[in-house]
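Two complexes follow with chain A in common, the first pairing it with chain B and the second with chain C.
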Partner chain A sequence: MATATPSASVEGLRRQRRRPWLTDRRMAFLFIAPSVILLLAISIFPLIWSVYLSFTRYKVTGIEAPVWVGLSNYHTILTNNDLYDDWHIFQVTAVIVFCAVTLEFLLGFGLALILVRKFPGRGLILTLMLTPMMLAPVIVGLFWRFMLDATFGVVNYMQSAWLHLPRVDYLDQPNTAIGSLIVADVWMWTPFMLLISVAGLSAIPRYLTEAALVDRASAWFRFRQITLPLVWPLLLIALIFRTIDAIKLFDLAFTLTGGGPGQSTLTVSYLLFTKAFNDYDTGSSSALAYIILIMVIALANIYIRNLNKVASA
Partner chain B sequence: MAQQVVAAPAATREGSGGPPVILIAVGRALLAAALALAVIFFLFPIFWIVSTSFKDLRDADSPVPHFFDFTPTLDNYRHIFVQTQQTATGGTTSVSTDFPHFFFNSIVIDVAATLLALVLGTLAAYGFSRFPVPAKNDLLFFILSTRMLPPVAVLIPIFLMYTNLNLVDTYHGMILLYTTFNIPFAVWMMKGFIDEIPREYEDAAMVDGYTRFQAFYKVIVPQALPAAAATSVFLLITVWNEFVFATQLTQTATRTAPPGIAAAQTMGGIDWGLISAVSTLFVLPVVIFTFLVRNYLLRGVTFGAVRR
Partner chain C sequence: MKARMMRLAMSIALIVALFGTIGVPGARPAHAAMRTLHIAWFEFTSADILQTLGNQYAKEKGVQIIVDRPPLAQWQSSVFNQFAAHKTSFAAAVLDSQWLGQAVTEHDVPELTSWIKQNLPVNQFDPYLFAAYSQYPQRLPGTTGGLDLAHGHFYGLPWFADAKMFAYRKDWFADPANQKAFMAKYHHPLRVPQSMDEIVQIADFFTQPDKGIYGYATHEQVGYDAAAETFLPWCWNYGGDIWNPATGAVEGYINSPRCVHALELVDHLTQKDSPPGSGRNFIAEVTTDMNQGKVALMESWLCCFAGLFDPKASTLGKTKAEIAQKIGFFNYPGETYMGKHSRYAPLGGQGFALSAYASKADQQAMLDFAKWFFTPRIQKEWYQLGSTPANSVILHSKDFINAQPWNPETSQVFGMVKDFWNMPEYAPMLKVMNDTVNASMTGQMSAKAALDLIAKKQASILAATGRYSAYK
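Our next item is the complex of A and B:
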């Protein structure tokens, strides 16, 4: 190590005589300030500005200055008097988030129970299966759109030629389009649940399960009383991340369904984007942004409270 | 099913006390089948896109899919760079496409934003890790919370701000934006890593006469380099994949690949071979990077919340 060489210490002693300009306090400030300033300027300032905008009637493309309208934007959305069927869009989002996250959780945890065992090729399979979550959602949307195509899609070919089922134009009917979106999201994010579940399961101390075996505890008992309680906090963290991210779902829907057919796969984030950049309805979209934000914070709080309860128990 | 998995390895060892051998064999076969199905489900789409990228127009857009029975061609990859077009006189000319430009922009913006965020994030992480900062936990939580917001929520005001400051469709505007987005991640990841470097290293260096700053860049920085490399891979991937802000804040000059590729599907008559080739090319660096950081993956995707 460089620090131990004699030349360094001699040079160092010479330096020490001078009083350093860079005290620890100054250094802490200089190190932290740039990051905080950048965040304040580019994340927090816009956020505060949009609180104001959410109380105004304003179009970015218009020449009129923002007009103060009070709570009217919020009122319009929450009473469903909008151009869009907001309540329906909130319901669709809830269905997508709930189904996708539940499936990802079950599949990811189930696969983790298999992959936590040691067998040849395990590392390779695990690494390969983790790739989908690192891909760009826009690209994943394109992949699935191609595979689900009614005439050229490989999925339709497989189901008609191999399973003798009728062809389905998945992206052309509301229910199947929502289903497709869920499948694509599950494909992309199950690996995330898998990764965290494998980590949680492999961290369970072996002596615990072995002690239970000596006591002739049933398999279900061991799973319920040892495995689950030990991995649950980690799974909750994974659920928090996934739920918040699923509410943000936009890129994937943009290329997979384009929000259609009609407005059937418009999620709240997609609606926000449409309001802001197709309709240029800045005031209303800012209000919607805050409604989503409050929902996200509320959901995160429920999870965190549950997490604290688990942690303290 | 689930509980059998945990039970099986120990049960076989125990012999007489466990379930009959035949049941264990059936259980294992079922598990293997389930795993095989899952592997097919998760890997088939990737195989399909990569193989389509090597098919000519007839094989790619065929109602009867060609799984392996096609003659591979590199035409799609050539078309990413040059495309032939019919001229008015009936001949054909080569036209360059926008894709190389998109990729170039993605690389420039990505590398610059990643390096900046890494430097700023490491400095802040060191500050938080080693100094008694007032309201440290609040500040750290504040930094994290900016990343939890749905990005669309800040998109509108940032769009307005960028329009007023003439930052729309500029390299420095995009670099600044992505740097800011990546700072929370860089700070949290690097703080976790720097926390793990023993303080004794710097203390020893300072006893030897180094100033605090010298100790930072001569002792801590070299120690933290592997961690910084892993962190930067996650930053690179995040910016590389970003779509929402890129569609609104870039136009022609700085348009990055994700909105560029997304737009390709609307250019009348989808050329799936070409789109597959572009996607494969776009995804390739991400797959390589993911492989390189596979041991840090858990830490990376949970914001450093889960170590091990």
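Our next item is the complex of A and C:
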């Protein structure tokens, strides 16, 4: 029979009589209290407060209290579709996100199909190919800006000296500026898709492929019926991460194009930064932040539903 | 239980020790021997010069002045983020003139009118120049008479004067072959331009892309006021204006035929006569264009002209004297357009203002520093080290004029400067104007379309304030 020894129970009684308020539960709460307070102060309270502010007209630098305006901020953002207005910037961001993520997926998965096989130097090549995503986005933006410069940039040098093509002012025209942003993002984040894809492809049981080979299945059949279904859940997760990240694109746009020419490469995150820290329009920037959040949640839900379908199948 | 209490006590001791070692962020070291005060500015030559003077002040008066110098792109947010927190690490800030309305209406800077009356020789300053760095509501161009200290409200001190001018390749101008060809084409001599139209002619004349030579370099970039401050002097010199300050009306002003014509000329210069990639030009890029011998004309802030005389950065000569033989300067020549003659240069520079969130003692200490700064001896050091004072007596003195190659023009420019609005909504107004003008300069839209878009958006911003009669 397992019972507390008489000395332990006496000790416990003595402890309770000395500090009846400091129970084990309360002690545990005391230890986690600082973290909880910090979480409330820097996450929960700002979240609730910013929801409120998104329905007000308010400047954080101003002296006036927030004035309730209902859905006015949301309405303005979602209906202004003139050139360089908020909804127009959403459309530009959508183009950048779609093109960048699609290219990253195709390139990353394509490279993974090659690099998943073992060959001499595979480890070194894989490591080198992962390097771009380890760089700070600000640095990537800056050196792509130098590389694409119309006068001294190495890209223009190569295309004029080697390919005899005319020099192109990549960053001064809207279409090429958007293209440059996409290229820089693809260069930086394709290794992420590559890494996830390699991990997924490496996890496919060999016996399935071997069995298919024994049955003389073609490469395309093996890819379509074995490889893709098994690696698809992991690819979806990578796509979720990259899509969310691409929607948040700020630092590349800030350093590479500054949002220009005009405001043609202004992304929604950059717009949010401008509203919050240039215009100090706290109400409108809070509303914009929640619109972006709702969009991201909606997109993530679409991906996750797809993921669940695949998992249940 | 004892072990648990010991662990709790050790955790608390660790936290106390940590803060004791690294300090509470923002706290001044308790053991500092000399009082230290901070001034917020941004990283550029004049701020470095101010730091030199701050170190000198420490030796003379025993109070250390530290000039906080974030990059230009973060200057505005570094100041206003602290104002928003109602707690600043600086006791004073050097503010761009257009920030004044926001800082005053948000109670971030205290009024200095009585201090100015008692401590500054205001009659030694051009009243419009002084007021631009100090007065809110804004003194309008064309207002006559001295500084209205009796009725006006002044919040800043005229700390650093700046304006835009042109630098040009005087050796190219003096070349007999160029003289002959220019005369043949335009039927008047190649000279320092006598009108804005002549600037366009000169830029066209020198542009030879096959030789890598262009006629013109100016600020165009998306960011702060680069493109806007290129458009504004052209707009003003062709007789246009950007709004009606009495009513707040923008429509019919910024998109008037005069302003459209001005922007069309700027677009011509930036698209045809500027080096490739000029759409992202700001100070460093245009200085580099001139230093590398690529352009005949450069339009920039005079505070940056010292960069043209650095032999390490310039291909124009091995010494300053050699470079000085090739580079000359001129002010905006003005233009007579549609029967109206106008001559303006855009006002730059900044004013010094106290932080309303600094202690009274720190504010007074800063005013003591300002009083020392405005003494003739220190003002002389200020320009001898390379900056520009706002005092008209100094600006017209022989000593100042001889101090730098561009100073003869500098001494004249402040009689023709003009500033744009300093209202509390300047930030979104400026962003709209700057970015849309950049779009026009880079050929994305016509000048008319750009200015119509600016008029529409700025009208919307001003209407939302409820303060302007044009929208009631």
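One rule holds in what follows: the second predicted complex is superposed on the first by the 272 of 313 C-alpha atoms of A that agree within 3 Å, B and C clash if a C-alpha of one lies under 4 Å from a C-alpha of the other, contacts with A are read in each partner's own complex, and residues count from 1 in each chain.
Note that in this section contacts are C-beta pairs under 8 Å (C-beta built on N, C-alpha and C of every residue); 3 or more make two chains touch, one makes a residue touch a chain.
In this text, all values refer to a predicted model and were calculated from it rather than measured experimentally.
Within the superposed three-chain model, A:V95 lies out of touch with both chain B and chain C [touch as defined at top]. Look at A:T151: by the touch rule set out above, it reaches both chain B and chain C. Once the two complexes are overlaid on the shared chain, A:M27 sits against chain B and chain C alike. Looking at the shared chain after the overlay, A:Y84 reaches chain C, while chain B stays out of its contact range. In the superposed model, A:V296 lies in contact with chain B only, and not with chain C.
Of the two partner chains, chain C is the only one touched by A:Q173; chain B is not. More residues of chain A are touched by B (comparison of chain B with chain C).
Using the contact criterion defined above for the overlaid structures, shared-chain residue A:V67 touches neither chain B nor chain C, since it reaches no partner.
Residue contacts after overlaying the shared chain place A:F277 against chain B and chain C alike. Comparing the two interfaces of chain A, the one with chain B and the one with chain C have residues 15, 27, 30-31, 60, 151, 277 in common.
Residues 1-11, 14, 17, 31, 34-35, 38-39, 41-43, 45-46, 48-49, 52, 61-65, 120-121, 123-124, 126-128, 130-133, 139, 142-143, 146, 148-161, 163, 176-177, 179-180, 183-184, 187, 201, 204-205, 208-213, 218-219, 237, 240-241, 243-244, 248, 258-259, 261-262, 265, 272, 275-276, 279, 282-283, 286-287, 289-291, 294, 297-298, 301-302, 305-306, 308 of chain B are the ones that touch chain A when the two sit in their complex.
Taken in their complex, chain A has these residues touching chain C: 15, 19, 27, 30-31, 59-63, 82-84, 149-151, 167, 169, 171-174, 257-264, 274, 277-281.
Across the complex, chain A is touched by residues 1, 4, 8, 11, 76-77, 80-81, 83-84, 102, 105-108, 221-223, 275-280, 427-428, 431, 435-436, 438-439, 442-445, 453, 456-457 of chain C. On chain A, the positions that touch chain B within their shared complex are 1-4, 8-16, 20, 22, 24-25, 27-32, 34-36, 38-39, 41-47, 49-50, 53, 60, 107, 110-111, 113-117, 125, 127-139, 142-147, 151-152, 154, 157, 161, 187, 190-192, 195-196, 199, 203, 209-210, 213, 216, 219-220, 222-223, 227, 234, 237-238, 241, 244, 247-248, 250-251, 254-255, 269, 272-273, 276-277, 282, 285-286, 289-290, 292-293, 296, 300.
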